[in-house]
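There are structures below to look over.
The following pair of complexes shares a single chain, chain A, combined with chain B in the former and chain C in the latter.
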Partner chain A sequence: MRRRLDAWVRERLPLEPLVEAVRHKTVPQHRSSFAYYLGGMTLFLFGIQVGTGALLLLYYRPSASEAYESVQFIMTRVPFGWLVRSIHAWSANLMVAAAVAHLVSVLFLHSYRRPRELTWVSGVLLLGLTLAFGFTGYLLPWNQLAFFATRVGTDMAAAVPFAGDFLVRFTRGGADVTGATLTRLFGMHVAILPMIATVLVAVHLLLVQAHGMSVPPGVERNAQQAGRPIRSLPFLPHFVLRELFGWTVALALLAGLSAFYPWELGTKADPFAPAPAGIRPEWYFLWMFQVLKYAPATLLGIPGEVLVFAGLGIGGVLVLLLPFWASRTDRWRRALVGVAACALLVMAALTVIALMADGGAHK
Partner chain B sequence: MTTLRVVIGCAAMLFASVGVVQTQDRVEAARKAFEGDVHMAAGLQCAACHSGGGDAAASSYAVERTRIAPMCARCHSDPAYMRQFDPQVRTDQYSQYLTSAHGRDMARGELRVATCSDCHGVHGVVRASDPRAPVAPLHVAKTCATCHADRVRMAAFGREATPFADWSTSVHATALLKRGDTSAPACSTCHGSHGATPPGVTEVANVCAQCHVREADLFRASPKKAIFDGMGQAECLVCHENHAIHQPADAWVGLEQGAVCATCHDASTKGAQTINGVRLGLDALTRGLASAESVVERARRAGMLVDDARVMLQEAREHQIQARVLVHTFADKPFADVAAKGLEAVQRAERAGEVALEELQYRRRGLAVATLVIIGFLITLGWKIRRLAAPGS
Partner chain C sequence: MGDRVADTGPARRDVLNWLLGSWLVGVLGSILYPIARYLVPPELPEAAPPSVVAGKATALATNSGRIVAFGTAPVIVIRTPSGELCAFSATCTHLTCTVQYRPDLEHIWCACHNGHYDLNGRNIAGPPPRPLDRFDVTVQGEDIVIVRRT
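What follows is the complex of A and B.
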């Protein structure tokens, strides 16, 4: 009976080549193998976001008059609504952290090398998309802090030369942050961005499967010199079980954070109230926020904000196209790692400074 | 003799020159102050006030004190003239001043009482609505205190000085000076400004009733009104005093020492039961609110959303305020009903807080169970990983 059912399924779902590929897939083993789990962790958290987001959609109402109340309803009346919302919020933050860690590990291990250039590009675009998810989701509870932070955040787009005014109006759906902005950001958060993300994730995974896991140049060289093959681990079940272990730990962490530190809702947004103290974006935008604070009003007649955005834009393009301009020599690779490490340290320091300044403002 | 005449002549010239220099200094100071004056902004010049009103003999640098108010009134009591600067401007200040204690004494030739320039300034006059004005809400009490808090000055009129601290420690001063609530009363709100006169015993309640409408209505409908009137007592002041009006406390209601009611009542007098009942109700509300607030706050600090409980607490606080106002009925019934509603809201709020805390415990128990399950799963997974064959090449 079971054999007949198996044959019936195989005839209609020709998955044999895929199953065979997975059965024979291996993952290299070396001292930096832990980095291979970061992509899977990001994917797991993305899955959590999709699941919890879909549940929140059952009750959430995307209008200025109902958004706050609907989240309040979810938090207080819907069975386990508090858990779903807190997990969604915490998981969003952990996902950004995991995605950044994944990108940094790929950069430090030089996994972007030929032929994985497009894997890198799709990964950088996915990180940008993750940040866009964070930005568009921040306003959705329609609370006071998010309202004013979004006003400041969208204001920054005005510094973009030529298209600034258009970008501000496009993001806000008008001249100021209103209910139209909420509806617009909601549409982006639950429809446009997930659609793009699904395509990009599929492309990214396909490329990862097609090229296999990258081995760091040093490990590759050592193995060649020693004349022995690189140790590897079967993907199924060895790697998958280890990955499952990490995901379960992440799930436990999310449950603990949600139970002990439920995500706050704050007070309902009031467009006519004075801006509250301590307006700030999510932690992953804080370093940019701090850079803007240090920017001079004008430099050589150019507004400071324009200069900062020009610098960030150039930096973003350089990161996106890294595999196409980075040299293949060891010296260059070491220099690149050094520059990237310094940039990360500066970003971390700026984030800490912004957090400390914010803590001081609340005292 | 000639020498003596020369010395006297020189001395006279010296005094005259010193006098001229002092006058020049005063004129210069006045000219500078006048630069920011509202009258200068309106296009008036020095001669508008210092011409003596067309009377050449009266023309002088200094305007006599008795002539200051009539001089100001020349313009400020003329609606047709004043309308050009402000169509809403009032022009009854002088007629009010004439009815005030200040105006009546001035009319009798008493030069030490206040006239326009004593409160509004002389050459640097700004609009009364200007926050810098000495008569602006935040400054007017200090301006009045210049004279009325001065014991020596007031003794000359046979009146007691009013220490500034009486008002400045009151609830009204706290609202005005600390919270910046410019609707809170200062001296002129109760005594009038241009027609300033101390309110009489029969008028005090009307003055307080301008703001405390509900309390005044309840008091007038209560039996205490006739009793106080018969005793010649100034209604509100009996319990609340006049200038040093402090935050009323529930402890004022009671028969023990320090309670306001105890001034007239003791356990044997009529009303003792009502006083005790009201006090018990007030105390029960205060205790209940404190307990419910503590429970709700604990739940809030633990990260629970307690908006419903906070709405109930607010409802209870509103009933508490109403109950405190109903003390002015000096009766059991309406007070007891509102206090009961307040207590019911307190209980609901406390229950909502307890439910939130129970929910928190439920979540933590759930988390503990989930953690145990997860740890069990992780141990199994770890065991399975270790049991798997060593990785192949």
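What follows is the complex of A and C.
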């Protein structure tokens, strides 16, 4: 009976080659192989976002007059609504952290090398998309902090030469941040961005599977010199079980954070109230926020904001196209790691300074 | 992979499988239970007021009806051909469409499935299974006031 059912399913779902491939897949094992779990962790948190996001949609109402009240309703009246919303907010933050850690590890282990250039490009685009998800989702509870942060955030687009005014109107859905902005960012957050993300995630995963895990150049060379193959771990069940263990820990962490530090709702946005003290974007935009504070009003007749955005834009393009301009010599790779580490340290320092300045504003 | 761990004996494998199974059940349970509870909409206390004003008495002509909101539910107020005022729940007892007054028939009619109610709210033709709930009507000053029957 079971054999017949098995045959029936196999005939209709010809997944044999896929199952075979997964069964024979291995993952290299060396001292940096912890990095192989970071992408999976990001994917897991993305899954949590999709699940909790879909649940929130059942009660959320995307209009200026009802958004805040509907989130309040979710948090106070719907059973486990506080948990679902807190997990969505916490998981969003952990996902940004996991995605950044994933990118940094890929950079430091030089996994972007030929033939994985497109895997890198799709990954950087996915990180940008993750930040866009964060930005568009921040306003949705329609609270005071998010309202002003979105006003500042969207106003920054005005610094873009020529197209600035158009971009501001485009993101806000009008001249100012209003209910139209809320509806627009909601549409992006739940429809447009997920559509793009689905395609990019599929491409990214397909490329990762097609090329297999990259082995760091140092490990590769050592194995070659010693004349032995690189140790490896079967993907199924060894790697998968370890991955599942990590995911369970992440889930427990999310539940713990949500139970002990539930995400606050704040006060309802009032466009005619003065901006509250300590308004700031999410932590992952803080370093940028701090750079803008330091930028001179004008330099050589060019507005400071324009300079900052030109710098960020060039930096972004360099990161996106890294595999195409990075050299293959060892010295060069060491220099790249050094520069990247310095950049990360500066960003971390700026974030800490912004956090401390904000703490002072509250006292 | 069966051959690789076969020498460690079935006992160890059983324990591991049992542990993995309980882990899976625990994790799935702690995810699915909150989701199941979340999906069931919370009970909202009915905010229906004890009485509502249904407009001016003089504005409701003989042999006509008017639908007013009683909390979140529609109520139909009718001035009968003989000039009396009466009020019923406007929710059809068949499949909850909103009923209307038909001056030509001189009774209440539901357009969805051709249900008919007389001026006492009784279901007299078509599919409605029960009469409409009746409301009390009084005139206070110029206003028609309708009150839910307890």
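Observations on the model:
FYI, the second predicted complex is superposed on the first by the 363 of 363 C-alpha atoms of A that agree within 3 Å, B and C clash if a C-alpha of one lies under 4 Å from a C-alpha of the other, contacts with A are read in each partner's own complex, and residues count from 1 in each chain.
Definition applied: contacts are C-beta pairs under 8 Å (C-beta built on N, C-alpha and C of every residue); 3 or more make two chains touch, one makes a residue touch a chain.
Please read all numbers here as calculations on a predicted model, not as lab measurements.
With both structures placed on the common chain, the touch criterion links A:58 to chain C but leaves chain B unconnected. With both structures placed on the common chain, the touch criterion links A:264 to chain B but leaves chain C unconnected. In the superposition on chain A, contact of A:232 is made with chain B only, not with chain C.
Legend: residue contacts after superposition of the two complexes on their common chain; A:209 is shown touching neither chain B nor chain C. Once the two complexes are laid over each other on the shared chain, residue contacts for A:256 go to chain B alone; chain C is not touched. In the superposition on chain A, contact of A:79 is made with chain C only, not with chain B. Taken together, the two complexes place residues 83, 234, 237, 241, 248, 251, 255 of chain A in contact with chain B and also with chain C. Interface of chain C with chain A (complex): residues 1, 20, 23, 27, 30-31, 34-35, 37-42.
Touching chain B in their complex are the following residues of chain A: 26, 29, 72, 75-76, 82-83, 229, 231-234, 237-238, 241-242, 244-245, 248-249, 251-252, 255-256, 259-262, 264-265. Only residues 303-305, 307-308, 363-364, 366-367, 370-371, 374-375, 377-378, 381-382, 384-385, 388, 391-393 of chain B touch chain A when the two sit together in their complex. Residue ranges of chain A in contact with chain C, taken from their complex: 55, 58, 77-81, 83-84, 234, 236-237, 241, 248, 251, 255.
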